[in-house]
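Below: a set of structures, written as C-alpha cells.
Shared between the two complexes below is chain A, which pairs with chain B and chain C, respectively.
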Partner chain A sequence: MAFSATKTMLGSVAQIELVGELDAAAAGDFRKLVDEAANEGAKRLVLMMAALDYMASAGLRALVFAKQKMGANTDIYLVGTNESVMETLELTGFHHSVITVAALDPSILQL
Partner chain B sequence: MTTSVTDPAPDFGRMDTYPTHDYQGFKLRAGKPIPFGATLVPGGVNFSIYSSHAESCTLVLFEKGAHQPLVEIPFPAAFRIGNVWCMIVFGLDYENTEYGYRMTGPFDVQAGHWFNPDKILMDPYAKAIAGRDVWGAKPDWNDIYHHRARLVYDDFDWDEDRPLEIPMADLVVYEMHVRSFTSHPNAKVKYPGTFAGIREKIPYLKELGVNCVELMPIYEFDEFEGSFVDPETGKQMVRNYWGYSTVGFFAPKAGFAATGKIGMQVDELKALIKELHRHGIEVMLDVVFNHTAEGNENGPYISFRGLDNRTYYMLTPEGYYFNFSGTGNTLNCNNPIVRNMVLDCLRYWASEYHIDGFRFDLASILGRDPWGAPLPNPPLLETLAFDPILAKCKLIAEAWDAGGLYQVGSFPAYGRWAEWNGKFRDDVRKFLKGEAGLTGGMAQRITGSPDLYTGRGPSASINFITAHDGFTLADLVSYNEKHNEANGEGNRDGANDNESWNCGVEGPTDDPAINALRRRQIKNAAVMLLTSQGVPMLLMGDEVARTQNGNNNTYCHDNELNWFDWSQIESNADLFRFWQQMIAFRRAHPALRQRHHLSGQDHVGSGYPDISWHGTQAWQADWSGWSRLVAFMLCGKNAATVTGEPDDYLYVAFNSHWDGHELGLPLLPDGRRWHVAVNTGMPAPDDVFAPGAEPVLENQILFFAGPRSAVVLVGR
Partner chain C sequence: MASLSVPAHLDSLAPIAEFVVGVATAAGIERKPAYRLRLAVDEIATNIVLHGYEENGMTGEIIIHAETTAETLTITLEDKSPAFDPFSLEEPDSIDRSLEERPIGGLGVFLAVRGVDEYRYEYRNGANCNIFTVQRPPQA
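Showing the complex of A and B:
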C-alpha cells in the first residue's frame, strides 16, 4: 500500500499518522515531517502506527533520526504498532529508542 | 521502485555527488578505491573491487530476489585505479538491490587462472549476503547467482557500548553454536536458533557465571554445502551445520537471524552484542580464514575463484589446490593482498560490531607462505598482533592445521597470541581416566603450561578439556570409542585418540555406581579446568551433561544430537549447581588467575612459596610414575591480584586413583583454618559450597580424599 504520513500539531506535541509501508522511499518523506515538527517547536512525537504494515531498515533508522533530531529528552511514542513491526523493533534493538503503547491515552497528547 | 532515492537530492555541499556518466539510464561517476566493497555515499553507492589478473570487470545489479539481472554496467576504463575498479552508481534502492561482478581474464588452470565471464561473483567484502535468508529453506538450484551481495546500513545506535576489555586472565569462556543453543523445543524461546534467541537466554549465561561467549562460525556460510537428498525421507539434507566453510567474511549469517528474512541480520547481531556487553559478557568469534566454501577443482564459483584465483588460493605448480585444511582449498593468507583482506575483515568486526576477540580455526595455515612452507615470521600474524584497531582484542590460535603443522607452544605469538592448549586437553583427559605417569604433566598444565609458554604468561594458554571437536564431557566419561555412524561416513571420521573412559560400560547404563562415577568424573573435570592457571573454556552443555550419544564429530547434525536440551538444567540440577559454584569460586579467588607463571618462590616473605606441591604427606609430592595424586597449595599472600589485595590460601588435590587416600594438610599461618569448598567425593549438596560459606574442617591435619575425587580447601 502506498505510504502516507499526516501531521497534526497539538501545542508542542506532534502527532503523526502513518499508513502503508515505511520503506526507503517513504523514509525521506517521514523525515521531512519530523524536521517540520521540530522546527514548529515539537517537544514530543506521537506516532500512530496501527495502519503501518511494514517497516525495515530505512524505517527503523528514520525513528532513530527522529529521536536524535528532536533531542534526547524528547519522548517518542508508538501507538498501536502491529506485531510484525514490533518484532522487528525488538529484534534489532531499536525499541530502546521509543515508548510503545497499545492504545492511545489522550494524556500523552498534552504536554 | 528501483530508481527511487533514499535521500531527496545529493546536495550536501560536496562537489563529487553528481553523476558524470549515464549507462542505460543509470547515473554513474568514477568512484573511490577505498573502502573496498560497497559503501553508501550521498545519493548512491560506491562500489570498489580489485583483481590482480582480471582484464575487465562488469557490475551486475539485481532487484532483490530477481532471477535475471536488472542491468550489467561495464566499468569504463576511466574508472580504474591500479588493479581496482571503482564506481558510484546513483539512485539505487539500498534495501532492494543485490549486486555482483563478472570478470574476464585467462582460463588457464595450470597458471592458476579460472576467469569465466558466465559466472556472477560475490563481492568478498559483502557486508550482508542474500540467498540463504532462512535456515534450511531449500534454495532455488537454478539460481544463476546463489550468494548475492547486498547493501547494508552500517549505522547503529551503540549508546555507550564498547568492547569490554575484560583482562584475559579473568575470562571464563563458553563455546557455543548459535543454532544449537536455542533450537531445542525445550528452549522455549520465541526465535529458536537465532541471535535473538541467545538474547533471551542471557539470564542463564549470567546465572552460570561465564563472562565470554565464543560463537562458532557466524560468517555467512551455506548449510547446504555437501548436501544430498536423504534416500529415506526425500528431504534435502543440511550437511554443513557447524559452518566451518566461509562464503562471506564480512557478513553475518542471515539464517542465524530471526530478521534474516527481511535482511536485518546486521542490526540483530549488533543488538545481541550490545545486550551481552550490557550484562558483562564478552563476544569472541570463531573465524575461519584457512579455507573457503569454494572447495577444490570440483567446487562452485562463489567469489574468489572467479575474481582472482591465483591470488586467493595456495596452488601447486600444476595449478591444483593445496589442501592444508583438509576441506579442499587453502586460503593464501600470506599473499599481501589476502593479508590485507584478512586485516580489513577483522578491523571491520572489531570496530563495527564491537567484537572482543577472535579464535582462529586451523591457525597454523596463517603461518604458511603461498607455497605452503611454514614461515618463521609470518607477516599476517605479525600484522594482526600489532594492528592498532585490534590492539585490545583477544587473539587465540587453534595452533595446528590438517597438514601436519602442530605449533602448540611454538605458534608465532609476538607477545599477543594465545593458543588452544591441546596438551592441556590431552594430559588432563589421561589423568582424569586414571592413567599413570601424568603427575608431571598435570603440574605443568595446572600452572598454565610454563613448559610451553615461558615468558608469555599463563594467559597464553586457553585451557579446555572439551570443545566442539571431540566428545562432550558427558560422553568423555561414557564412551571408550567414537560412534559416528550417524554421520554417514562409516564411523571413519572424527578423532580416534579421545583419551576417554566409559567408567565400565559403553554408553547409557542403569548401573547406579557407574552413573555416580560418571557424574563425579564430570565434576572432577570441572575442578581441574577451573583451578588451573590460564584461561578456562567450557563447551556449551557440559554444565548439564549434554550428550551426543558418543558421536565426536557432529558437524552435520541439525537435530537433538547438537541441540542444547534445556530440560537437562532441571534433570541435572546438581551438575549445573556444581559448575556454577566452581565458576563463582574461580572468580572469587585471584590466586587462580595470575598474570605471571608461578615460580615456587616466596616473593613476599610469607614463609610460603607462591605454589607448593604435596602428596599424602604435606610438602612431599610423589612424582613417581605410579602416582595418581596431584596436590598443590597456593599462598594467597604471594598471589599478585588485580585489586592489590592478597587472596586466601588454597589447597587443591586431585586423586585419580581407584582408592581413597588420607592427605596430610599443610599447616596454615596466622591462626588460619582450612575450610572445605569442594569435595567431589561427597554427594550433593555437600560436593561444593558457595564462596564465603565453606564449612570449617574439624580435622585440620588430615583430609580423606575419596577414590577418583577432587578436593579444594580454603585457608582463612
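Showing the complex of A and C:
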C-alpha cells in the first residue's frame, strides 16, 4: 500500500500532494517534507488530499508536528479530503486545528 | 479461520491491511465499516510494533487471525511482546482541545474502540490478544 508526497513551494506557501495510504510506516516521509517546507520558510501548508485513500493517527501526528515546526498560527489547509479520512479527523477533534475545503481556491496559494 | 504471520515491523502494516481488507470484503463488510476495521487493526498493530517490541528492544512476530460466523467477522492480533492491556491507558479526554495542546498517545486505542462493534484485549497462553469484532450485513 504505497504512499508518496510531492511538495511545491509557492513563495511562503508549501503545497503538498499526498497519494496513497498514510500509515505509521509512511509518516516519516511526510514529516521529512514538512520539515523541508519549514526550513524553506513556509508559513502556510496546503495539503492536496484527493488522492489520499487512507490516514492513520500517524498522519494526524504529522499534522501536529507541522504546527509545532512552523508555528501555532500556521494555517493548514486540507483540500478534497475523502469521507473516511474526514471522519477520522472529526472523531479525534483534529478538524478544529485545520481548515478543510472541498476544492482548491487559488487564492489560498498566495500569502 | 485464516491466519497470517508477519514480522513485528512497520513494513508489516501493509500486508496486515491487505489481509484485513481481503477478509472484510469476503465477509461482505461494506466500504466504510471495512475502512474503520482496517484503521482499528492498523493502529493496534502499530502500537504492538513500536511500543510492544521496538521500545522494549525486542523482535518477534505478529499473528493475525480472521474468523467468520453468520453474523460476525472477528480479527485477532496475537503477539508475545511484554503483556500490555491497552485499556490501562487513560481515556484521551482532550478530544476538544486544539491540535497543539494534544497529548500524544492513546489515540490509536481510541480509534480502535470507535472503529469496530467490539474491541477487547485478553492475555492468553503467554500472548497479548487484541480482538476486533464487526457485524456482517444480513446475508441474502
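The working rule: the second predicted complex is superposed on the first by the 110 of 111 C-alpha atoms of A that agree within 3 Å, B and C clash if a C-alpha of one lies under 4 Å from a C-alpha of the other, contacts with A are read in each partner's own complex, and residues count from 1 in each chain.
FYI, a residue touches a chain if its C-beta (ideal position, glycine included) is under 8 Å from a C-beta of that chain, and two chains touch if they have at least 3 such contacts.
Since this is a predicted model, take the numbers as computed values, not measurements.
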item	value
Contacts of A:G93 with chain B and chain C, given as first, second, both or neither	both
First (chain B), second (chain C), both or neither touched by A:E21	second
Contacts of A:L63 with chain B and chain C, given as first, second, both or neither	second
Contacts of A:E83 with chain B and chain C, given as first, second, both or neither	second
Superposition-derived comparison: chain B or chain C, residues of chain A touched	C
Which of chain B and chain C A:A72 touches, first, second, both or neither	second
Chain B and chain C contact sites that coincide on chain A, given as residue numbers	23-25, 56-58, 60-61, 64, 87-88, 91-94, 96-97
Touching residues (chain side chain A, partner chain B) in the complex	23-25, 27-28, 56-58, 60-61, 64, 87-88, 90-94, 96-97
Chain B - residues contacting chain A, complex	1, 4-8, 93-96, 153, 155, 157, 159, 191, 196, 257-259, 262-264, 267-268, 270-271, 274-275
Complex contacts: residues of chain C adjacent to chain A	10-11, 13-14, 17-18, 32, 35-36, 38-39, 42-43, 46, 49-50, 94-100, 102, 104, 107-108, 110-111, 114
Interfacial residue positions of chain A with respect to chain C in the complex	1, 21, 23-25, 54, 56-58, 60-61, 63-64, 67-68, 72, 83-84, 87-88, 91-94, 96-98
